[in-house]
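In what follows, subunit A forms one complex with subunit B and a second complex with subunit C.
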Partner chain A sequence: MIERWGTKRFAAGLTLTYGLALIAVLPPLSALMQSFQPPASEGWSGSAYRYVLDTYGSSLTFSLRLALFVVVASLLLGVPAAYGLVRHPFRGSRLVEQLTVVPLAVPGISIAMAIIIGYSAQRGQWLLLAAGHMLYTVAYVVRIVMNTLRNLPLRELDDAARTLGASRLDRLRRIVAPLLAAPVALASLIVFAISWGEFNVSFLLATPTQLPFPAALYGTYTSNSGPVAAAATAIFLLGALPLIIAVQLAGRSRFDYGQGA
Partner chain B sequence: MKDLDVAFPSGRTTVVVGPSGSGKSTLLNLIAGLLRPTDGNILFDGVDVTNVPPEQRNIGFVFQSYALFPHLSVEENVAFGLKRGLPVSDRARATEAMLDLFRLGTLRRRRPAQLSGGERQRVALARALARSPALLLLDEPLSALDAQLRERLRLELMALFGSLETTTIYVTHDRTEAMLMGHSVVLMKEGRVLQQDPPDRLYRSPANLFVARFFGSANLIEGVLDDSGGVALPFGRFAVNEGGPRRSPGILALVRPEMFRVDPSAPHLTIRVLTAVFLGSSWRIEGVSAGGLRLTVDLALERVTPNEQIPLRLDRSALHVLDPEGET
Partner chain C sequence: MMDVQERRSRWLGAALTAPLLLFFLLILAYPVGRLALLAAPNGMHVDAAMLRSLRNSLVLSLAVALVSIVVCIIPAWALARWNFRLKLLVRSALTVPIMFSGVVVGFLAILTIGRVGLVPRFLEMLTGKPLLSGAAYGATGLVLAYLYFEIPRATLALESAFREMNIDYEAAAATLGLGPVGRMRRVIAPLARRAIISTFLLTFSVSLGSYGVALMLSRRLTLLPVDIYTAFTGFLDDERAATMSLMLLLFALIGAACSRFLEGTAE
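Coming up: the complex of A and B.
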């Protein structure tokens, strides 16, 4: 009997993987089932979805607008920073690069508290909420864009374009921008997903008029019936699902940067 | 790099060759305008371009790594440098002509990552030449390819340069390539030009010991100059060709391996074979004379056996001599 090395181990790994996946999938599935039952409380007769949309609709749109703003602002900060760090490294540029990651390692509640204490006068301004999200998101933009730039012989491509008569603006438009399109798309989606789902800062900096959806979600869990919470979760995931798929598609590189043989 | 004074004949191919770190690529980047000199001037046809940016120098540059744009197809890469003001039909025609010339028609939709090394090289050349540059610069264009392909492309490039009549500067570290491709060869070392000459002159009349050793094997035989324009070597007296040092009587005579022939009747000297390597058309023999002189000679013999005694005659009337104190 001949078989490939590790076939049995592979089968065991596969079983384990699907087993774990089942554990991960079951709770949301049961929540989904629940969400279709009409909520018993408060004399509401319609579906749980109707209730969530009516009660928390403004939170949904607020979260959407907040996330879009965070995406644009993070790109405006992160892309030039990444470009500068790669093309014009200086003493300590590695340190700067590492420092952008620090907020990811600090517990979200600490960051939220720091913002509340440090900027108490500005509390209630949505810009402060956005800034809180950007503490995480800019790091991702810088990382993703830097990674692409490092793997590209950008300097040489730029030189090549110069010898072919391309002006600075030409080079930005015809070389740099298209080469950065894929990583920027990927970074945008990740930033959107982070902002959309961020809880710590969103919850602690929220006001009744500026209530991000994850914070509102908390309210449904604590004060409402099971079906309402389940429906709110389903709606929330529905917002994130297209993003997850889009990230997968964007991550699939459209071309190989490799120059080697 | 300092005190560099080189002229490149227009319409011809000049090869700049030298060991790594000799400054040959730096020179090319200065000419392209990708680097700026702190001092000195660069002139194109008598016009000072020292402060003209590369995008306005009307050059074509082929990079060692080719630097093809990974997000563009072969066709888009080739068309990249065409002047913006050009009518669409002219652009298409120029692109088409280049795709034809470099046999890239069937590859036009491919991305650089989908091409072989040789194909990428052709795209890089087509892209550089599409805009009909006044000056074509190539930085080690064949060094990324395997030996067999390199040899074939050398011949293709030679034919191409011959037909183009574009002033071409070709940088390489490969001495064979330099000898083959250049009308004129510039040998650089440590940021200086040691000699600029046609290949045959570099080989036969090197300016110093470094040049003599760089291009081919060299027997450097100690001799003494006399007043009547001759040189006394351990195995006879020979005339000296023009040039050469006259400072001191003690010189080194340059004797290339192929300058000897077998001559039993009137030999200058006899060597005992130490090693022999078969080169195909000849044997490369390391031997030693009775007087202890070690020589490298190329002889077209049927067979050679170790310790065989071979009578040799130096088949030249005049020799090139070098200053032993010069650049080594």
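Coming up: the complex of A and C.
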């Protein structure tokens, strides 16, 4: 529906949009190009990727395991809460709903400082690190699941099944679970990507033996050569793919990007 | 009978939400409380250096949010309403910078506009002078690096707000004979205003809290999040770091609260 008067504006608007997309991908692409050069200053004859995998491999596996834990734990906390808030509202449930998005507005460094000071005795425990990540990820789970529950005729389907004699467990298994599969999958992708990329909390709560990959990445920037830093960045980028898929899947649902990402 | 069922439903809701509330209490409320207790004994002493960093952070974040919102309105509208080629790819491309944590953006800034970055080398080929060389380390580079991830973030956030806007009003206005300019002024602009302000505040609040970029790039310009980091790790001054963390928290929350409030009244 573009009128003739608007053709020029349409073209200008599109140029700007394409331009932004191009600027968004050029710097990472240039990093990618650099990552294929041999890292001479490390005294390393192989590829920069080999060097990163050899030196920071433990960080990669730690981040991977941490992100998977954060996904499961966020779902366990978020999905029941979202279900409760929509299907069984209680006094103050609106307030709770508002409360879940508060962490998204809190700067990561403030939270990291607060956790360090509040739990100084437990410092260095990975559970604390996971909890810091979850502060940012739970909000996405609650919001996505709530949106689905509100928009689908869940109550009607549930009531219909009940009048037909389905037990609570049956309804949960046959009606609620299948409807929630898609939003839960979407939320999992987003949670994984946030945890994988989270720097603020990870950097301050990291220990040498439990160094999340984003914190290790900072190490490569300050102490390694260009190709190694670039290769580490490229590996890090792989973790961005779930988020990119998620944004496409999200389609029409509303979705803010808070401090977490 | 109904009453009992109703009460059971409420209890069930509260019980399902309780673990999440407990989590927030343990990981958000309690630590922030401890932070405030630590900052309180010296009377939340705020000195000139802290105020300077706060001012720098506020000015930078406001400038970045302002430029972002101006640039992102048209692309957000295009993504929400127009049909064009490679739309999926464009949206994916815009997701890339959002995913990067601040330090990655800082590193990319050094690669592109650092001393021997791509852009200065390219400009040297064109003009004979390495323009923008080393820009990454000054205020210009800092602003460009923030814009790199804030413009896409603002675009995608505004796009989803635009998509939620009801097209029926526009259709009605068109049927009643209002032209495209009139529709833009009288129908779309009033509806979009809240979404735009809310996106502006979100961008401001995120910029304020971001510290990876400044950690990589900021040489002279002091920003509040970097100051917190140096106070804590460099000078081991927990109280100072705690006071500044609370300052940062306060301003970020004010921005976000205004944003939420506007969203809440958008219906």
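The criterion applied here is as follows: the second predicted complex is superposed on the first by the 239 of 261 C-alpha atoms of A that agree within 3 Å, B and C clash if a C-alpha of one lies under 4 Å from a C-alpha of the other, contacts with A are read in each partner's own complex, and residues count from 1 in each chain.
One rule holds in what follows: contacts are C-beta pairs under 8 Å (C-beta built on N, C-alpha and C of every residue); 3 or more make two chains touch, one makes a residue touch a chain.
This structure is a prediction, so every number in the text was calculated from the model and none was measured.
Trainee: Between subunit B (first) and subunit C (second), which does A:163 come into contact with in this model arrangement: first, second, both, or neither?
Mentor: In the superposition, A:163 contacts subunit B only.
Trainee: Would you mind checking which one, subunit B or subunit C, touches more residues on subunit A?
Mentor: Comparing subunit B with subunit C, the partner touching more subunit A residues is C.
Trainee: Where does A:175 make contact in the superposed view: on subunit B (first), on subunit C (second), on both, or on neither?
Mentor: A:175 contacts subunit B only, not subunit C.
Trainee: Go through the superposed model and pick first if A:238 touches only subunit B, second if only subunit C, both, or neither.
Mentor: Neither partner.
Trainee: Would you sort A:95 into first (subunit B), second (subunit C), both or neither based on which partner it touches?
Mentor: The answer is neither, since A:95 touches no partner chain.
Trainee: Once the structures are superposed on A, label A:153 by its partner contacts, choosing first (subunit B), second (subunit C), both or neither.
Mentor: It touches subunit B, and subunit C stays clear.
Trainee: Mind sorting out which residues of subunit A both subunit B and subunit C touch, each in its own complex?
Mentor: In subunit A, residues 254-259, 261 are touched by subunit B and also by subunit C.
Trainee: Hey, which residues of subunit B end up touching subunit A in the complex?
Mentor: 32-34, 53-61, 63, 65-71, 80-81, 83, 111-113, 116-117, 127-128, 131, 137, 144
Trainee: If you look only at subunit C, which of its residues touch subunit A in the complex?
Mentor: For subunit C paired with subunit A, touching residues are 9-17, 19-21, 23-24, 26-28, 30-35, 38, 71, 74-75, 77-79, 82, 84, 86, 88-104, 106-109, 111-112, 118, 148, 151-153, 155-157, 160-161, 163-164, 180, 202, 205-206, 208-212, 215-216, 225, 228-229, 232, 238, 241-242, 245-246, 248-249, 252-253, 255-257, 260.
Trainee: In their complex, what parts of subunit A are in touch with subunit C?
Mentor: Contact set of subunit A toward subunit C: 2-3, 5-6, 10, 12-14, 16-18, 20-28, 30-31, 34, 76-78, 80-81, 83-85, 87-91, 93, 96, 98-111, 113-119, 131-132, 134-135, 138, 142, 193, 197-200, 204, 214, 217-218, 221, 226, 229-230, 233, 236-237, 239-240, 243-244, 247-248, 252-259, 261.
Trainee: Tell me, which parts of subunit A touch subunit B in their complex?
Mentor: 152-153, 156-157, 159-167, 174-175, 178-179, 254-259, 261
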